[in-house]
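Chains here go by letter, A, B, C and D, matching the order in which they are written, and residues are numbered from 1 within each.
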Amino acid sequence: MYIEWIKNSVMMQRGVGADRDPVTHHLTEEIQKKFHYTIGPYSDPVMTIKPGDRVIVDTRDAFEGAIKSETDKPSELLTLPYLNPQNGPIMIEGAEKGDVVAVYIEKMVPRGDDPHGICCLIPQFGALTGTEYTATLNDSLPEMVKRVRLDGEHIYWSKRHTLPYRPHIGTLSVSPEIDSINALTPDNHGGNMDVPDIGPGSITYLPVRSPGARLFIGDAHACQGDGEVCGTAVEYASTTTIKVDLIKNWKIDWPRMENAHAIMGIGSARPLEDAGRIAYRELIRWMVSDFGFDQWDAYMLLSQCGKVRLGNFVDPKYTMGAMISKDYLQE
Amino acid sequence: MYIEWIKNSVMMQRGVGADRDPVTHHLTEEIQKKFHYTIGPYSDPVMTIKPGDRVIVDTRDAFEGAIKSETDKPSELLTLPYLNPQNGPIMIEGAEKGDVVAVYIEKMVPRGDDPHGICCLIPQFGALTGTEYTATLNDSLPEMVKRVRLDGEHIYWSKRHTLPYRPHIGTLSVSPEIDSINALTPDNHGGNMDVPDIGPGSITYLPVRSPGARLFIGDAHACQGDGEVCGTAVEYASTTTIKVDLIKNWKIDWPRMENAHAIMGIGSARPLEDAGRIAYRELIRWMVSDFGFDQWDAYMLLSQCGKVRLGNFVDPKYTMGAMISKDYLQE
Amino acid sequence: MYIEWIKNSVMMQRGVGADRDPVTHHLTEEIQKKFHYTIGPYSDPVMTIKPGDRVIVDTRDAFEGAIKSETDKPSELLTLPYLNPQNGPIMIEGAEKGDVVAVYIEKMVPRGDDPHGICCLIPQFGALTGTEYTATLNDSLPEMVKRVRLDGEHIYWSKRHTLPYRPHIGTLSVSPEIDSINALTPDNHGGNMDVPDIGPGSITYLPVRSPGARLFIGDAHACQGDGEVCGTAVEYASTTTIKVDLIKNWKIDWPRMENAHAIMGIGSARPLEDAGRIAYRELIRWMVSDFGFDQWDAYMLLSQCGKVRLGNFVDPKYTMGAMISKDYLQE
Amino acid sequence: MYIEWIKNSVMMQRGVGADRDPVTHHLTEEIQKKFHYTIGPYSDPVMTIKPGDRVIVDTRDAFEGAIKSETDKPSELLTLPYLNPQNGPIMIEGAEKGDVVAVYIEKMVPRGDDPHGICCLIPQFGALTGTEYTATLNDSLPEMVKRVRLDGEHIYWSKRHTLPYRPHIGTLSVSPEIDSINALTPDNHGGNMDVPDIGPGSITYLPVRSPGARLFIGDAHACQGDGEVCGTAVEYASTTTIKVDLIKNWKIDWPRMENAHAIMGIGSARPLEDAGRIAYRELIRWMVSDFGFDQWDAYMLLSQCGKVRLGNFVDPKYTMGAMISKDYLQE
C-alpha cells in the first residue's frame, strides 16, 4: 500500500506500530470540544491511540473562524493569546521522554460547505513592519483581510491570480517537558514552524519530552510562501489525516522531517541565523548517526548541496529547515 | 518610615495597599515545599496576601544546592529544565488582568550557617561559547565551579579579589495568561531578567495577566556584572524581604522598575537590539503617560541622557533596561 | 539567437546596448595583471566597454591558487584581507549614478589543464563555529582542505559522492560611491553574495553609484549549497562569459536578479532576518513599479508564493534572495 | 603635569613618544580643506606628526553645518553618504601594521561665536523605526530638528531641561588595511563608535593596519545617551585637543579604551550581542596578556563585575564596550 520511500523511512523501519493494522480515529469538533492555545503538559487528553494508528483531524483555521469577510478588522476580532487553535492533545501509548513521535501526513482536504481561506494583515505582525519585539514608534500598517475560495486543486486568489493548492500543517507539536508554550511560537518541541514541506507525503519526527508525548496539531495552510512574509498564509479549516508512530530510544534535540526526496533538520530561534545553525547542526547529527558520515565530511558536503527552507520569519521565533537530498545518503 | 522617594513612587501613590498596615508573611521552605521551574497559571498557590503586605522569602540558589564543591561537574549534577527554582506562586488579592503588581525589595540577606555563593561554567551556556541556539560544532568550554564565601558586605572571590555584596533578584515574575515559561527565560511577564538594579531599594512593576497575579521569585545573586557574561552570577540562598502592592488599571506591556534615582523600562528578546528597542519604547510610553512628555521630545531627549543596563545576554532571551534619571522627570 | 525570456527581460527591453552588435573582449590574466581585494572607486580600470558588449573573464579561485593540496593549512597560506581576488574594474561607457548595470552570465567553464576545485574549513570561519564577530572562547574547528576534480558536468567529490556542476559567480559588484569594501562582504553594491542562482542564464541588476559603474567579478563556484554552511563552496578558476548592458535612470536600492523563471530582490545584512526583509521589500518595490501590483497585494501574495534563497550565512554580512515566479507577473 | 593614572597608562608606559617634549599642531579648517566621508588608505594626509605630539583639531558637526534651524528638513539638506565629516588623515611617524595608536583626549570645547548643537530625527534612521536594513513598509517617523545653545558647562535643551556638557568624540579611527569605510560605520578600525566614554580624560587604543596609521577624527557630541536611541546626539562643532602616541608591536584586534577608572574592550557588529561578545573577549584578552589573569578566571570574574556601555544601536554596525574597574586589576 505504501509507496517505496515510506517503506524505507525511519518511521516504517523503526516505528513500534509499523507492522500493526492501524485503527482509524476521527477527532471531530465534538470530541475536541475545547481547542488549545498552548502546547504543554497541563491540558486534558482528547484521545489515546496506539503507535501506527491513523487519526482524521478536523482542524479550525488559525483565527478560529472569527474573520469572516474582507471588511472585518482583525484587531477587533482577534484576542491574543487566544489564536491558532490546536487539536489535541492526543496521547500515544508507550511514548516516554527520549522517544520520538513520527507524524506522517496522508491527506489534507478543505472542510465545510464553503471551502475558503483567510489571509490578513494584522497590526504589529509580519516581517515588514515593526512588531511587539522589533519595537518601533511607526504607525502600524493598514489592516486588511483577503477571503479566498479554494478547493482541493486551487486557491482563487484574485481575478489575476490562481494559486495551486499546496496544503501543509503550520503547527505540529508534542508537549515540552514542563513549559506550556503558546501556539504562535515554534521551538524544539515543534510548534508554529510554518514549514511548507510538512504537508501530505511528509513524515515529521518530534522529540518526546513527556509521558504519552501529547501530540497537538492545527494551523492548516492551503498554501504558503517561504517565510510567510505578511504574517499569514491561506489559513483554512481542514480535514487532515495523519498516521502516527513511535520510535523508541531515538535521541533527537529538534524536529526532523523526511519525505520522498530529502531529510531535513528544523531549527526555530531568533535571530534567523541561529535557526539556520540549529537546522544544519541537527541535519549533520542525523547524517553522522544514521548515514555513515564523518562530521566534517557532512559539514563540507552540505556546503555544496544543502538546501534551506525558510518556514517563517514572523513568529516569536523564526523557523528554518536544512535539507539534503536522499540521493546523497546512499552508500 | 519610608524614605522620601518611596512616598512619591507609583507604588505608594497608587497602590491599593499603600495605606494599610502591612501584615508580614514568611514563605519558608516548609511552606513552599515544592519549588517551581516554570512560571505559569497551572501551579498551586503557596499563599495569598493582601496588597501592601510584606513577605519574607527563603530562596534557594539557582542550582538548588546541587553544586557543593569546586570539583563538582555541573553537567552531572544539573538536569534541564529543572533549574532556577522559584518560590511562589503568591496570590495577590484583587489582582486582575490589566492591573500591575509592584514589588519593593526591602532587604536581602544570605541564608544558612555557611553563607556562600556558586559561580560556574556550564557546557553550551554563556555568552562566549556556542550554545543550544547559537549551535556550533566546537567542543564545549571546560566545566568549572567557583564556590565563594560571602557575608552581608563582601564576597570573598579569591585571594586577589574581594567583591562588594550587591544583592538582587535574578528572576521575578507574575504569571503569563496561558503560557507556562521555564524559569530560565525572561519575557514580558518578567522572568529571568538578571537586572542588577532589581535589588534592595527598587520597585519592580509587573503586568498582571491572570487572576491573583501569581507572583514568583527566586534566583538571588550576591552580585552580578552587566550581561552575566559567563552565564552565572554569584548564585546564593537568600532571605529576601519584599513588600507587594497592587495598582489597579495600569496598562503596561513590559516590566518597569523604579528606584530613588531613575525609572526604567525592561525588554527581553533576541536579538539583543530588540530587547533595547522594547526597553526604550516602554520607557518613552511611561514618560508620555505619566510625566508630561511629548513622544518625540522623549525620544530625542533619551538620545542625550538615556542610560542602559544590560541584564543578561546568556539566557534564552536577553534582557536590557533603559533608564532616565528622575532629575529629568520634574516639571 | 536569444531564447524567448531574454528578449523580454529588463536588460533587453531597456538596455542601451540591446540592439548593438556586441564586441567581445577578453579579460585575461595578462590584462588584469593585479587582482583586487576591495570593491571601490580607487582602483585603475582594466578596460572600458560599451553597453551590450560581451566580456570573457579569466577568474582566479577565491584562494588565488594558494591552496594546492589536501595537506595544506589554510591558516598558513591565506592572509586576510587578501582573499577572494576580483577581476575588474570594467568601466561601462555612459554609466552614471542612478543607472543600473545588467550582467547576463552566458557561460562558465573550468579553466586550466587540471580543472579542480577547493573547499576548506578555515579557522573562525563558517556558520557552525565561533568567528571574529560571533566571538567565543572555544577552540577553533580543525582546518581541513578538500581538493576535487571537476569538469563541465560533474564534481568528483569522493568515491561516494559526485555532484552536478552548477556554476555561478559568488562575487559580482559595481563600486560603491565612496566606500571601498573588501571582497568578502556583500552589501547593496552586490559583493560577495554567494547566490547560486547567479549563474549561466541569469541577469543580475546592480545599482550604479559611481561614474562608469566599475564592474568587478570573481569567486566562481562550481557548485554551492544554500547558505554555504562550512564557509566555502567548490572554489575554482573559471572562464566566465558575460554580456553587460546599461539601463539608464532605473532607481533600485539593492541588487536584483532575473532568469527564465523568476525575478528576485537580494538583501545583504546581519542579522539574517534583515537580509530577508530587504530582499522581500526590494521585490515588492519591483512588483509595484513594473508589474502593476498594489503594494499590499504584493505583500500578501508573496506570503503565499514567495520563494527564498539563502545565499550565505557565513560572510561579514549574510545574503538572502526573495523571488516570485514569472507566472504570477503576467497581467 | 599629568595626573597619576596617566603616568601608569599603557600610553605613557609604552608609548614611543611618552618622554618627548610634545609639539603642538593645529589642524584648522584651512589646513584640512577637504573633509572626508570614508576612513581608508586612499586619501591625502593633512599632516604628519611624531609620536607624543599634540594636535588641536577643529571639527565640524556631523551634518557639516547644513542643518541650521528647527524648520530645516534633514532629508532635503543631507546627502548620503556625505555625512559625518572627518578631519585627517594625520600620519604618525613610524606607525606600521601591528602597532597601536593611542589617542588621549585632553580637551573639547565648543567652536564658533554661536556655540550650539543639533539633534534631529532623520527618516529611516534611529533605533525605534524601520531603516534601510530593518526594512519595513511603514511610513517614516516625522522629521524633526532641535537646535540647542550650549557652552562648556551646559546644553540648554528646553525650558524644562538643561543637560550637562559631557563631550566626547563619536568617530575616531585609523585606516583599515585596504577597505575604505564610510564615516557612519564602526568596525575594528574604530569608526563611528559613539561611545560616550571616549571624551576628555580617556585614552583610546586603535590597531594600526596601514603605514602611518592614518588617524581620522570627527563627530563631536556635546552629550549622548547610551545607544543614541533617536540616531543623533547633540552634534556640534568642536575644538578638540588630543595627544597621540604610538605603541610598537602591540597586537590588538579591536579598539580598546582606558581612563582613570577602568579599561574597556570595544566591539562593533550586528546583531548587538555580537558587539558585546567581541567587547568582552577583547577585554579578557587584555586582562590575560597584561594583568596576570587566567582566561577562565577573567571570564568568571567579569560575570560578577563587568560593566557594559552601549555606544550606539543605530549605526550600520552597533557598538558596545565592556569594562572592568582598575580596582580589580591590581595584583
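The working rule: a contact is a pair of C-beta atoms (placed from the backbone, for glycine too) under 8 Å apart; a residue touches a chain by one contact, two chains touch by 3 or more.
If you're wondering where the values come from, they're calculated on a predicted model, not measured in any experiment.
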**Item:** Between A-D and A-B, the pair joined by more C-beta contacts
**Value:** A-B
**Furthest chain, CA centroid comparison against chain C** = B
**Request:** Mind checking the centre-to-centre distance between chain A and chain C? Centres are C-alpha means, answer in whole Å.
**Result:** 34
**Prompt:** Which whole number of Å gives the spacing of the CA centres of chain A and chain B?
**Reply:** 34
**Message:** Can you work out the whole-Å distance between the CA centroids of chain A and chain D?
**Reply:** 48
**Item:** For chain C, residues contacting two or more additional chains
**Value:** 128, 134-137, 141, 270-271, 277, 280-281, 284, 299
**Fill in**
Given the complex, residues on chain A that touch chain B span 37-38, 40, 42, 81-82, 132-137, 176-182, 253, 267, 269-271, 274, 277-278, 280-282, 284, 295, 299
**Item:** chain C residues within the chain A interface of the complex
**Value:** 119, 121, 126-128, 141-142, 144, 146, 155, 157-158, 160-161, 163, 223-234, 270-273, 276-277, 280-281, 284, 296-297, 299-308, 310, 313, 318, 322, 328, 331
**Message:** Under the definition above, what is the set of chain C residues touching chain B in their complex?
**Reply:** 128-130, 134-141, 271
